[in-house]
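In this document, chain identifiers A, B, C and D correspond to the written order of the chains, with residue numbering beginning at 1 in each.
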């Protein structure tokens, strides 16, 4: 039997995550919420509805806690990619959703909330024990899922604001606390066998399991991520013109699209650099953590420095050896600031392609279409960023994006083989 | 010197056209106004702003009646294609314009209106005579231009509503007055020389001039446009499967896209046909005027009937011989209803490619980038439709679209050579 | 009854056209004959086979003069676009035809020739009169068809040679006879009614009929086509940078592809211009007839000169008024040389879109899929070029290409309205 | 000092590899050698020239053994992707190379051979010791490189023959020796640390180094690759219709292209399956080794069987444990025949993305643009196929292709975690 107190803790957590999502969107108008400036990003309205649909579809309806869908077409328009539950609105058409209106989506959120509140206020013995286990399992996944979408909301809002001619940033100008900068040191990992992957306590996505052993050879990792200033040197040395530094696909990308700097950067008429942020255009701070790179740019920079990207296993072993505490997002300043020696300012590209751990099993049922089916042609990023919910920042967490992606808060940390 | 009374008539006309545009958009929310479901259509918000920009840019600013642009970026985002006045937001990105918000666009409309009102309330001798001539000339063009966008608003609203999964029509269900149907008769044109093009009185776009002579040979035209029922027979006879009926490009279009009926039609599960309208889905009335065809479909249907499309000159000679009165749009029922023997229910494809009349000169200045530069690979449509402002329906009016276009209110009238 | 003498004349003509086709290809190796450098052009081997297939399919097999196809797959691979006789190898894949080998295609040509020779050596009363009529009708079309492909062979050979890195021209360096240049005069057409189209004698394609009346207003035409030198002035005056001179689609073409001169032209390191020809690279002669323009370039040039392109009817009336004799191709120098006051150096773009004459009927049967189905989005060229068989040069002949086409021998002649 | 005997052995090996390449192309005509049916494949003529260019450019010219290039444009047209030595003919245009003719390419081969023969016949002390080291190093790479192109020649010849309407196979019908089929057993790997990568003796490409340690957990591998019959069961069970078996990108590929079986397979009218081979169409033998799968198909099949693909490290450990001998290609029957328990019938997809080994360094100089720059978005295949030169079949050899590739001789071997 579950204690009411336990359920009350679940409820508080659920409500707090839901409120957080809405606070992220608070500055957006109906029109701001509808824009989809490229296929990779989604409209804020869609995120608001999709996260609710996840609870409705996989918790309330799969467990028969409600009898009918809220709306007959929402399975079509607010499903992201779960083929197990029917046909899906093509992703590039999410920007066409004038209807339902934002206010209708908010009604939908309240509808879902009400049923979840009812469930968690239920005297815990009114439903069967196994059902509770399953319900709380899905509730946990839904909460984690909504937190992931909080980061996507921030990255997509940034992209959508930038893509418009008026480039009106969603948040007011940030006061940037001037963090102290840190020197770069090299930290050696202990050569030998290490444990990798999520262990026992706390929630983790299926892709972080099973826990297993790897061998790590002699290697050092940088004590902090690369900074804007370090990358500007690379640019000034002709990094974008030297084909020998680049993976073949990376060279194609930068030449096809004429890239010469990270995404969101631009040179002003006086020759200085600025970057677009969720708080508007800012002068570039050379000591700030570098951000918005593709895997190709991160890899080319490392090669130019006689280094390489760490593997995800090296990264994880390194992170476990640090005295870290989660930082995560703060709507007062959603920008990776000056380096802090640990992680959590930017997602750090690793050299590891995203693939299953030995013995990996996706979750059962349709929610298992979450991680496994994307395990090809993507690369793992570790750490978490200034747009990540604090409790999603941990050593074993595996984020992943295709190597050309640049709109995420993605940077890098150098590694070097000791030979 | 201009009489104040004359100016008052201009003012009333201006205000009435502006109000009409806004009444068309009245049922749309901010989100409805932002959607652009394909490159060919524009968001309603863009139409509302662009028509205002036309007055601001070519009347108020070209004549120095205001000192500064309303907004520094509006020249970029609300210019359609006038290269003479600077760089332009690419057309496919009009759907990205979350900003300016609809309410800001309405403020822009009021700003422009105020200045036009001031101008027309000015004691007419305060500005120079030639400036008046020029001002009223542009005012006229601006009013006509806004009326053209009224039709585009209706066609684009239809397309945008249809493209969404929820397919919510902007207007309430129409009560469809059951017009009497009419038999099809063949009307012979007098063989010989005829005058073509706009003559003296009233406004006309530059493409309808100069007035000139053509020779018309022995031909008959149908007394009314083709009906849904007649086209359904063509479909039932396998019209979409018989390559010999089709222009090569038309055959490619229908096979590439799997077309088997006019746009907005769909077969219900009981085998009957229905069509999407600005008032929602309706059962198809076989006696109603056929609509939403490409040139290719119109041409193939005519060939199947041993007939052809009329030339635009034949059509114009025929129209002058009729006792017609303009009909135009009625927001209570924006759908071509039963045939009325004359024109104005649908735009009628002609076999004539859109090209300059002998001696054609575009208007001087940037407003001349209106018609002439599109005179290639487009075909002329004549008549006007159920979505056309009544005073744009006249025998000499030349509308034009590329032959694959299907989202306009476009149908056809048969013609036959007498040999 | 047909006289043997008549048949012998047919035979001689047939054999002479077939031999001419092969002499055009004489300098090509098996590999040269196989190349297809873009979708618009075809490999020489394909032309050699397709022209033979035309006789086999529409003459020998339609009239049951042979019992079986030469090869079961040739209907698939050597049909161009006659949907009436089965499925067709997609045009862009013609360059994949390593098999049949060139020598097998030559065997095919001989096979077809043998049967045609047998037919024409047949005592003429052995087959029925009507069959003769039909046979000679198709024979005529087949001969004319093969002559059209002679010009296409030359244009495609030029394109294919140019597209290769080694750019080896098929023919040896030409000795260029220095024709006298001519001044440009303006020739006025008689205002009033004129007859247009093919009349009684001699062969003509179906698209030149029926003969009919048009009205022509006051206009003058240039006495000779535009020269290289005149076009170079246009280029030097910034013609390719002035958007107001261009049709909107033309402007898109030149900006998308970065065009700044006619096709096959290139600036040498010393700043002078040269052009690629079937005889290799040559210095550009300012007095030579201008060639390899799109419709858009021709139209923009005319606009820059305060002129326009003639309509095809004006062109035809003008041509009938001239004392012309056919010139056509000469493999010793396949290049439009200095202007000769009449036509036949380049195909001349007219402003007329390609559409049916009043009362037009395509030929019956599958050979009727020849002209009519292309009557949309193409423009008429008149005159004939330095690559045209001499007996295809005549006032009523209608050639047609889409307006962006530049690889044909296409130039222009100016016209002006008299107002 | 080098012994002449040593040089003579080098010479013999060089000449034998060169002769082997030419024997592969022996049945091809000039036209067969020119075809490029898709971007992924190259014309045989190009392979013949490119392999020669490799020796000319990186051996003869880099070491100043010849003074001038054989042809000024060959650096442009026969360079594959070495950006360090200048601009390169775009890959999709290799099929345009009518010139140089095949016979000229053969002259080029002889020219290169002559210089290599001269070099190796040189009394070995006439050039400096270090130069010899470098020369023989590049010679080795050039030989290995040409052998890799032997396999590509076979795969591309197969693709090019198949893509043509006549589908004429290059080699005569094979007599298929009926090898005994073998049962599938599961072989367990020893859990713990293993050495991976190329060790000391013999040539290896840079990507197989450095030699390093990995930890391998409890796993079993199949004793033989999957057979046609096993895959047909998967197809019959609806494998191509069950989205839950597929990676998301794989599902997109099969649905976009309508794939329902491996490449080169086709169902006959009587319902049986046949496959296209270099020897023509053959009935499918259920006991033969399965071939021409994408990574996605291999992965989906494994998932359907409750298994997975092995990692490349697992595969290598397994292979070292086997008693294998190289098999490789035999022009009498270039098709993976019945399973033989070891490897070398088909390239076997592994689950490992292609990435650098710890401490990996590409070769110095331009030849280093060989492997490293492709280390992203590709997957490793191990083993070697029926089209692989025998001495390229070894446990440490890393082949790699993008996961959608199907035209290689690619199959799979199952693995299972022991939990």
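Criterion: a contact is a pair of C-beta atoms (placed from the backbone, for glycine too) under 8 Å apart; a residue touches a chain by one contact, two chains touch by 3 or more.
Small disclaimer: the values here were computed from a predicted structure and weren't measured.
When the partners of subunit A are compared with those of subunit B, no chain appears in both lists. The chain with its Cα centroid farthest from the Cα centroid of subunit D is B. Per-chain CA centroids place subunit B at a distance of 60 Å from subunit D. Centre-to-centre separation of subunit B and subunit C, using mean CA positions: 38 Å. One finds 47 Å separating the Cα centroids of subunit C and subunit D. Contacts with at least two other chains are made by no residue of subunit D. If you draw each protein chain as a dot and join the dots that touch, you get one closed loop, with every dot joined to exactly two others.
Listing the residues of subunit B that touch subunit A in their complex gives 29-32, 34-35, 37, 73, 76-77, 89, 93, 95-102, 160, 163-166, 168. Chain contact summary for the complex, subunit D toward subunit A: residues 81, 83-84, 193, 212-215, 217, 219, 243-244, 246-251, 295-296, 299, 308, 351-353, 355-356, 358-359, 369, 373-377, 379, 403, 417, 419.
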